[in-house]
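When the chains are written out, they are named A, B, C and D in that same order, and each has its own residue count from 1.
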Amino acid sequence: MIDKRVSSLAEAVSGVKDGATVLLAGFGSVGEPVELIEALHDTGVRDLVVVANNAGLGDTGLARLIGSGRVRKIICSFPRTADPHCFDAAYRAGKLELELVPQGTLSERIRAGGAGIAAFYTRVSAGTEVANGKEVRQFAGQPHVLEEAIRGDLALIRAETGDRWGNLTYRLSARNFNPVMAMAADLTVAQVSQFVELGSIDPDHVHTPGIFVDRIVAVPRSHSA
Amino acid sequence: MIDKRVSSLAEAVSGVKDGATVLLAGFGSVGEPVELIEALHDTGVRDLVVVANNAGLGDTGLARLIGSGRVRKIICSFPRTADPHCFDAAYRAGKLELELVPQGTLSERIRAGGAGIAAFYTRVSAGTEVANGKEVRQFAGQPHVLEEAIRGDLALIRAETGDRWGNLTYRLSARNFNPVMAMAADLTVAQVSQFVELGSIDPDHVHTPGIFVDRIVAVPRSHSA
Amino acid sequence: MISLTRRQIAWRAAQDLPDGAYVNLGIGLPTLVSNFVPADREVVFHAENGVLGQGPAPAPGEEDPDLINAGRGFITLVRGGAIVHHNDAFVIIRGGHLDCTLLGAFQVSALGDLANWATDDPTFPPGLGGAMDLAVGAKEVRVLLEHTTKDGRPRLVERCTYPLTAARCVKRIYTNLAVLDVTDGGFMAREMVPGLSREALQAKTGAPIAFAADCGLLKAPALD
Amino acid sequence: MISLTRRQIAWRAAQDLPDGAYVNLGIGLPTLVSNFVPADREVVFHAENGVLGQGPAPAPGEEDPDLINAGRGFITLVRGGAIVHHNDAFVIIRGGHLDCTLLGAFQVSALGDLANWATDDPTFPPGLGGAMDLAVGAKEVRVLLEHTTKDGRPRLVERCTYPLTAARCVKRIYTNLAVLDVTDGGFMAREMVPGLSREALQAKTGAPIAFAADCGLLKAPALD
């Protein structure tokens, strides 16, 4: 019997090693698995490479990981948020390496990691300093930049409902990076607002099939930041 | 006001030029837009390059296009079906060029065409005769084949429901190649089993958003092959 | 001379969006554009986080915590709206499916080069977001910006001094003083605010401006 | 010597699928495997056309016209089943998300090379389907096939004479006569049908076979 449900956040994030590459979903705080990130913080893991769209807001979630000095490098598209003071402090102190990637290229590199594509050519960033040092090649007379796949040792994602097989649904724009990051890690852990019975999600409405999910933990909305 | 609905199959496929590259969705006959393909046949258009998973079954749809000598070249993964006599006859007579592509690579090349990715590297087909003449490059110590994007001048697809903006839903395994082909053509035409009111499809359950669809025509199931 | 307000710049840009257009609005000034689309047109607004059919801001207290746009503002969905995941949102951008994107900018060059993600301020961490993807992927790139910086330096320049977002991508520019196209010959003014002389506009611009034969008046209604 | 039937070969392969495995079944002989998974295990069957959780064939008259597998047979969905589009079905394959694929084959070499898409018959149009994707992408590739061709030639060979599907991918082989692993040293027999001598198995095989120290009997229940 397949049952990917675990009963605690600590169990959900157990076994992650120092130095891991961690994909953190969400766009701003919407769709961000903030309780899982806090639980990861509480394991004491360090020297992380984080892949996320942003670089944390306020003092919770990713901001807390950065503020506690657990993140060695962040690969993101937009570190400027409403309140990025943890990122700013670490970045200015030279304690945090930043790899800035165009948002669509970031998403596509993660998808490539999940899809068994080693690398791809895109026009995005050609002719800009972001492409410095990258291979550029002409297709249809236009310069294209070679971008390589990103995979995570761990992905932390957040969904609305999930069943014991790990089938997930998302709500509105909380979907964002969650489906693509779910595909691209050796260990994918989802927090869901509620568990639902196996078979209660219409097969046509499953957003992330359970094959991409390894562990699932319930964090009711009322308890969520 | 956006209204992509047209009232006849003939109008749905109007304006296609000889020599066009045409993406035809479906897997076998499931999800195949057979009435649209027949309507395309009836326009008299010829010298087509067809991109499809199969090469036609029996005497309808793609098989009829091939049987009438309208197809110059087919790019597909699996021309062997239960009854491929139109394909067999044209292929053996040397009247039909065949480019055989692994099924996932076919799908990925079409996706690349829709996604603004010029080319990608995949391990699939490396070391086989299918990779003959293609660039091979090592990533992580493994040979990868460079595959280029495919785009269509026209895509013919089939869905279950559609609204006037062209938002579509599919049913079960009739989804197959439809979403990816819908993204990858200059003109995407959908036949749907039924029109539904704008706003009646839950935004979380839209499978193909209308931005990918140009024309939509209703072909009720009872009239469909 | 009557300089347009930010809302008036947005109003003017909105008038050029045709019925049925799929449009992405960049963060900042462009987000205002959705308020001014003529009532008889259906324009579908796309956001990088997977929203198609962004509607007006919700009434206070009616916000849905799961429904925001790329600028993290709460939004509503219009009838016919749809949600896709982030990757498909950028398939839409990079794959050429957007008719238009309206972006903010620090600088635009006479070649249509766009600089809108980093300045020369080393204490200001740069943020790419989806700007590079949009500048390359949308069928047409239009820019909304103040004609000059706060201290009066031109933002329309011969050559961008800030890092590029993309080269040769901008086709039309809406400022508080003028509407300009970027042509093979450089900037061409299409409309200018009443009371502004050609010489005065040129003096505020860092590259030569041509003037369209039918160069007209840039006017916008009074807006709150 | 008791040669296994096709259904018995499928039964034997099914016994090796662990609880919770995600498995793709190739067309032909492998499709029979889903009938023989032990009742106390949940194995999720994936099909190239986007089905996850393929269940048994429907009762006659109960077929859903929109629900087929990669071999175009009508199927049912189990509780917990999900549909993805074709591209995501191959993301699953190529991205290494399948624990195992069970494929048919024309030939398998002692290096684990697989040939299952084309023969040397020029009147037989070749068909790739998803075989190359599966052979490269699944975490483990296992093959089900008759030990020899109808006219008695070996299908397990030193080197494939038919075009390759993928090199060095096959790890385990189920035939009507034996279960073999492909090791660094070539074929290694794990089980053999009762009454078959090592010499007789070797004589039907086109490359040297080693025999596992614990090489046992290959047995399957009588099946209709």
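Here, contacts are C-beta pairs under 8 Å (C-beta built on N, C-alpha and C of every residue); 3 or more make two chains touch, one makes a residue touch a chain.
Keep in mind the model is a prediction, meaning the values are calculated, not measured.
Asker: Counting C-beta pairs in contact, does B-C beat A-C or the other way around?
Answerer: A-C
Asker: What is the chain whose Cα centroid lies farthest from the Cα centroid of chain C?
Answerer: Most distant chain from chain C: D.
Asker: If you average the CA atoms of chain C and of chain D, how far apart do the two points sit, in angstrom?
Answerer: About 56 Å, centre to centre.
Asker: How many angstrom between the C-alpha centroids of chain B and chain A?
Answerer: Averaging C-alpha atoms per chain gives centres 32 Å apart.
Asker: Could you work out how far the Cα centre of chain B sits from that of chain C, in whole Å?
Answerer: So the centre of chain B lies 35 Å away from the centre of chain C.
Asker: Using mean C-alpha positions as chain centres, tell me how far chain A is from chain C in Å, no decimals.
Answerer: That gives a centre separation of 29 Å.
Asker: Could you say which residues in chain A touch two or more other chains, in rising order?
Answerer: Residues 108, 111, 115-117, 122-124, 170-172, 175, 203-204, 207.
Asker: Pull out every residue in chain C that's touching 2 or more other chains.
Answerer: 77, 83-84, 90, 93-94, 136-137
Asker: According to the definition already given, which pairs of chains are in contact?
Answerer: All chain pairs meeting the touch criterion are A-B, A-C, A-D, B-C, B-D.
Asker: Could you pull out which chain A residues touch chain D in their complex?
Answerer: 1-2, 111, 113-117, 163-165, 167, 183-184, 198-199, 201, 203-204, 206, 209-212
Asker: Inside the complex, what are the residues of chain A that reach chain C?
Answerer: Residues 27-28, 30-31, 53, 77-82, 84, 87-88, 91-92, 98, 100-105, 107-108, 110-111, 122-130, 170-180, 207 of chain A touch chain C in their complex.
Asker: Given the complex with chain A, which residues does chain C contribute to the contact?
Answerer: 47-51, 64-69, 72, 77, 83-87, 90, 93-94, 123, 125-133, 136-137, 163-167
Asker: Provide the residue numbers of chain D that touch chain A in the complex, in ascending order.
Answerer: Spelled out, the residues of chain D in touch with chain A are 19-20, 22, 40, 42, 44, 46, 52-53, 77, 79-84, 90-98, 136-137.
Asker: For the complex, give me every residue of chain B touching chain A.
Answerer: My answer: residues 108, 112, 115-124, 139-140, 142, 144, 148, 169-172, 175, 203-205, 207.
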